[in-house]
Amino acid sequence: MPADAATRDQQQPGHGTKPFRVALISTGGTIEKTYDELGGVLANRVNVLDLLLASLDLHGVVIDRVPLMNKDSLDMSEADHDLIADTAELMARNHDGVVVVHGTDRLSKTGDRIHERLAAKGGATRAIVLTGAMRPFEMKRTDAAQNVTEALLAVQILPVGVYVAMHNRVLRFPGVVKDRALGTFVRAAT
Amino acid sequence: MPADAATRDQQQPGHGTKPFRVALISTGGTIEKTYDELGGVLANRVNVLDLLLASLDLHGVVIDRVPLMNKDSLDMSEADHDLIADTAELMARNHDGVVVVHGTDRLSKTGDRIHERLAAKGGATRAIVLTGAMRPFEMKRTDAAQNVTEALLAVQILPVGVYVAMHNRVLRFPGVVKDRALGTFVRAAT
Amino acid sequence: MPADAATRDQQQPGHGTKPFRVALISTGGTIEKTYDELGGVLANRVNVLDLLLASLDLHGVVIDRVPLMNKDSLDMSEADHDLIADTAELMARNHDGVVVVHGTDRLSKTGDRIHERLAAKGGATRAIVLTGAMRPFEMKRTDAAQNVTEALLAVQILPVGVYVAMHNRVLRFPGVVKDRALGTFVRAAT
Amino acid sequence: MPADAATRDQQQPGHGTKPFRVALISTGGTIEKTYDELGGVLANRVNVLDLLLASLDLHGVVIDRVPLMNKDSLDMSEADHDLIADTAELMARNHDGVVVVHGTDRLSKTGDRIHERLAAKGGATRAIVLTGAMRPFEMKRTDAAQNVTEALLAVQILPVGVYVAMHNRVLRFPGVVKDRALGTFVRAAT
């Protein structure tokens, strides 16, 4: 058993009774886009993640919300990716796990950056799970609630590491890319 | 590493590229109850699980549907619990994991029975995850889609064993009971 | 033009600019049934009509809510039907129109009673529109919002009289019956 | 009673038993906008009005669908407004009523044009009801189903003339304008 897994012993499924403490870092993306009636467009202006969370029954986790930014990830600068990675690393120190809600277009870039940062410091000590959505939570048909549900469950039961959880699939960084034709994440061809 | 974990190596998150093959055994329960306009009551008559699955984006799993029965679990006989346990064991032999959709009132009884049966044969060889719902899928507010999402994700990443996944919490059998006041599953007081 | 229509002149569509004042009398029925998680049944206990109204954009009416009772109409006594008819007549005196939300099984009986009462006093002076639903508002598929929308619009533009508005059809009392096979109201065969 | 009302006698609410025949002319607008996952924008490309109609219980009307165009009304040319007015007039000849689904930004312009055209020919012979929506039908919160419900009911019970039905208010052309701050239609200040 690797050393860093030892820290998760008390959270093993079926053993602990303390709630699992998650930092939920939100950065924007399609999942949080809302409809602007005046302009007739979808934009990242209001935070809808709290509505999404209120629609779920969450008995396994206690969530600390960290609303970091609200951006279409195509508009993220290098400094934005750094800020998210720094925040994820920081939150992993005093939580049992970290979830990052992110636009899908640059999600892989942030995932890789978190992975590199943690690798340079001796590896992850918690599970850090990124997720997003292809259709805004405000739409009738949306993958937003499903994907956040998956990330919040996966972060409790995955081994330490950096992952994307979306569309009922979990993939470990590095080596994850968005397949634009499929509209989901896949393992990069090697 | 325990011996039975070895069988899951090719499905470790982030390593495999083959889809994960799940047997989804449905037995009824609140989750599948539909509204009968003539009688004005909720009953287990029509199968709504296919509608629920169609509402999800499932890129990680291939699902074989096994519609075993459609009962309120309060109406289950000992023979019903046996039949479900036998079917779960059978399906575990030729699938990567098994999900059982079940009424919550007797879910623990079926979970214990599957656990006992597998223990008598040397332990589980796959993750077997039970789930259900407190509110029917046909209601606007329902935990059905959330819980099935969780079960389908958990079965891919949990170690071998028998579990309930519901309300963003995973608990391992034996020792799981329904807390009627909370309306969810908890670890039994010891 | 009949004499009693004169009172509606200032509310004619396209002429008035004052909001139309509606008394909304709620009596229960399927439309207001909610799901009891402990008992696993649908019952008339909590009032959901306010949630339904909040989901609509209502710029044409000002609504005074009159929550009279919350009963399955199969459980209504003669005194209940009288009470509803008396209340409708009373509310018609100081409102521009009256809407009655009612269980469909005995809706015709209440409609006939309101009609008889008003006929005995020289005829209706306002439009009084009854409505209900075949499926509770809490279900994903429900006719509740549609039917209340129709009643609130119809009451503004119908001539004085007693009506049911449901499933995009308006029928005038007397001579209205529920067709149980169709699950809607029809004109009684003569 | 005005002469043109006589034509509606057989459709008076509560008297006729034949279904009311409506021509439903769709021209696009926000109500029909759908989400394009690749581009991440809302656009008028696919027709969603059939989904909307399928979600309603319509026992009072028989609908002939006339999918004329699918445009944001800001993009409509003079020829487009003429085409819609011509089509509405044509459909009024062999239907009991006409509903026009239209973008809200130029809805008043089309309503005025239909009114002028009919006035030049001696006045309307049917009720012609325009409607639209401020939020696309694909959103969780949308006024689309409510407004179409209202238009389909209003067309059955209004006197002959040209109207907008939206947000539980009916206004008669001419003299109707969109109030952009309120996000709804109002009678023009005189």
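Just so it is clear, A, B, C and D label the chains in written order, and each chain counts residues from 1 on its own.
Here is the rule we go by: a residue touches a chain if its C-beta (ideal position, glycine included) is under 8 Å from a C-beta of that chain, and two chains touch if they have at least 3 such contacts.
Predicted model, so just to flag it, every value in this text is computed and none were measured.
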Between subunit A and subunit D, centroid-to-centroid distance (C-alpha), Å: 44
Gap in Å, rounded to a whole number, between the CA centres of subunit D and subunit C: 25
For subunit B paired with subunit D, centre-to-centre distance based on mean C-alpha positions, whole Å: 48
Set of subunit B residues in contact with two or more other chains: 134, 141
Arrangement of touching chains [line / ring / star / complete / other]: ring
Each pair of chains that touches, named by its two labels: A-B, A-D, B-C, C-D
In the complex with subunit C, residue positions of subunit B that touch it: 30, 33, 35, 37-38, 40-42, 72, 134-136, 138-141, 180, 183
Contacting residues of subunit C [partner subunit D, same complex]: 1, 13-15, 17, 55-61, 134, 141, 143, 145-146, 149-150, 152-154, 156-158, 161, 163, 165, 167-173, 175-176, 182, 184, 187
